[in-house]
Amino acid sequence: MLVTIRFLTEPFTPGYMQRAFAIALILSALAGVVGVVVQLRQLSFMTDALTHTVFPGVAIAFVAGQSLFIGALVAGTASAVLLTIAARSTRIDHDAFMALVLASLFSIGVIVVSRNRTYSADLTALLFGRVLAVNSREILETAIVAVVVLGILALMYKELLLRSFDEVGAEAMGYSLLRIDLVVNILVALVVVAAVRAVGTALVVALLITPAATARLVCVRLGRLVVASVLVAAIAAWLGLVISYDTSVHHGVRLAAGATIVVVLTAIFAAVATLTAVRSRRVRRRTLAEVTS
Amino acid sequence: MRRMWPALLTAALVVAGCGNDDGSSSRRSNPQAMMQVVATTTVVADFARVIGGVRVGVYGVLKPNVDPHDYEPAPADLDAMKRAKVIVKNGVGLERWLDDTISSSGTKAAIIDTSAGITVRTSSGNEKADGDPHIWHDPRNAKVMVSTIAQAFTAADPDGAATYTANLAAYTIRLDTLDTDIENQVATLTNRKLITNHDAFGYFVDRYGLEFIGSVIPSFDTSAELSAAELRRLVDAIKSQGVKAVFSESSLPGKTAKAIAREAKVAVVEGDDALYGDGLGKAGSDADTYLTMMRHNARTIVTNLT
Amino acid sequence: MTTALHVHDLCVTYDREIVLRDVHALLHPGDSVALIGPNGAGKSTFIKAILGLVPASSGYVEVLGTTPAKARPKVAYVPQIDHLDTRFPVSVQQVALMGRYRRIGWFRRPSKVDKAAALDALDEVGIADRANDTFGVLSGGQRQRVLIARAIAQEAELLLLDEPFNGVDSVTQDVLIDVLARLRAGGAAVVMATHDISVAHLACGHACLLNRRQVAFGRLDDALTADTLKVTYGHHAVVLAEGTALLSTH
């Protein structure tokens, strides 16, 4: 018992682990909630697209010697606006346009990087994330993003609920879908940008999609869905950090922290999916037995 | 009092015995007694092990054959940095990806830049760049690097000064031998035109009088890509200047190198024979130390250009 | 007295193709009209034009004395139930409460008054006991009633219903007819797309027959005749007696 407790708490004695845990918790709360929005608004593909479109912004900011965070922010917001407008237009094939924007922006990033003859590892930090290397200022920035995003979501909760549930109904009531979508998509872009630094573009998608998908397997009420999604994200962040610390410090198996969090997330999803599948099969069999008897 | 003597004597013998035994068992059994050192790249880790010998426990951050671009810190890395007394870096901007991680670990270690005192090649074109970080490909630079490391170790652990000085002296001789050997090998070549996967061999080319025609990846940075025009120019250069082979590198994908070689109808050197541009090979390979790695590269180049 | 709906020579085009033309209509408060026609006849397009969601390429639509876009807060739209995701995590009460959103306004939380209005509306369609259930677990008819409750909570002056009787049970059918009559008595006008002519007889005073153009508009008995049905449905209509017809839905 004591050993277990030490296994779960000891990793958080070094300062870098505390900071990693702090940013992982903030991101869990943020991604857990926004992930539910992404689920209900069916924005998974756009979220994925945003992680790619952030890249050229980062690349250009790097070459221009500007802050990578600002570069990611500008690129993320701009592409969120572009994708939203395209989605509302009836003249454009939505999926094709999205794929086009994604591919072309990503290529711009690659072109910029390959024209750049300096060592660009700073840039790769944004692709893979350095959750163990975050400093207090970055934690503060992420916390501010979290407060802003969650605050705006709370303020437009009603409208967002209506727009997600009944698109035509919302429009018929006189709501501008474009305006609502713009705000939501920019919020998602903000989360992507904030999370990119800690877990990297490659893993942001997992953090935004897996907790909400897991929660959806067990919860039907919106309130519980949000709580469950945040809990799943937070537990995975904590366990991921603990496992990565323990295996790499005590057992010599090198596990990168960010990637371990994602593996844990996926494992939780798989476990919950299996359990619910087994349970529903059992229920079905019982109902069948009742019907036949 | 008298009766305590045997006990004290035994204790003294045990301590002395440990001292003699250091080389084999205490490395594992008593790591606390060793000075903890973190080395960023495989090359400086090898240098640190050679100079530190039995007095130093070296933790290498980058593993063999790993592109630093794919690096994500593990808690063990930060743990090692935190406990380290000395952190050895290659320098010339090669570890910029690691700076945040080092400062995040909260380490109080002395951070040693082994490129101090070395004349750094300027990189082609870009003024803002730090210069070419692959300094170790010239054994004369390696001598400067190990001497810097020996000084740092002596400062951090004065008791070991004798060990560090002796190890440095012995290794410097081996580096001199290596340098003359490669010089003699390359001297046999009539065709000295070199094409590699990326710009890692500038110091090697300068030191041994090779002629650098171009590289598949046009930058020190391994994530850059070649444009179509540059590709054609490279193929034309290979054809017109009679280049014999294109050399691939162990830590990089050799696809483009292969394509260019096919286009220009010359051999491509890859697989086990690939050059080691960014670091050492895996343990057990014929390039798992600095000395074997340099000999591998020289042998490969000479064999394929003869 | 202002008119609830005034349509004059409306023509709607999608991609230069005319999908609906020659539409004229005049409704007063308390009136109700059944939009009758086969699939693809332009019923949904007409409703969207009344909402101002598709532009009129010629003619005009006037809703509650103003433009469709400006009238929207006072217009309630009831979508077809199978257009809504039954897996969506929203409760019956939350759906009814949506009718109050415009009244509540941006960034504000629903007040007690709003919640009471939503519950009253659910009570009116006989489904208040399911207020805390998830919308998706209800039967089709029950979900239709919740959507009607949302329109009631909105206190709209014009209701637009898209096939409200499609696939609902007889209890719901009776409740709907009853509720619509009460709303009309309270001064609301109703526009209802349907292809069930018997329902049109039960719930509406006016009929509007459409098949990519307006075939007829007027009081139900005047507009809904054997001739107009034949024109509207072509050879698919078999007219049985005065005003009733058997429609083969191919």
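In this document, chain identifiers A, B and C correspond to the written order of the chains, with residue numbering beginning at 1 in each.
Throughout what follows, a contact is a pair of C-beta atoms (placed from the backbone, for glycine too) under 8 Å apart; a residue touches a chain by one contact, two chains touch by 3 or more.
Everything numeric in this text was worked out from a predicted model, so none of it was measured.
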- Centre-most chain, if every chain is reduced to its averaged C-alpha atoms: A
- Query: Which of the two pairs, A-C or A-B, is linked by more C-beta contacts?
  - Reply: A-B
- Item | Separation of mean Cα positions, subunit C and subunit B [Å, integer] | 77
- Task: Indicate the whole-number Å distance between the mean C-alpha point of subunit A and the mean C-alpha point of subunit C.
- Result: 40
- Item | Rounded Å distance, subunit A centre to subunit B centre (Cα mean) | 38
- Interface residues, subunit B side, partner subunit A - complex: 63, 68-79, 82, 93-94, 96-97, 100-101, 103-106, 123-126, 128-130, 133, 218-221, 223-227
- The answer for subunit A against subunit B in the complex is residues 11, 14-17, 19, 110, 113-122, 124-125, 128-130, 132-135, 200, 241, 244-245, 248-249, 252, 254-259
- Task: In the complex, go through subunit C and note every residue touching subunit A.
- Result: 51, 53, 69, 72-73, 75-77, 79, 83-85, 88-91, 94-95, 98, 101-102, 104, 106-107, 110, 134, 136, 150, 154, 160
- So, in the complex, the side of subunit A touching subunit C is made of residues 40, 155-156, 158-159, 161-162, 164-166, 168-169, 171-174, 216, 219-222, 225
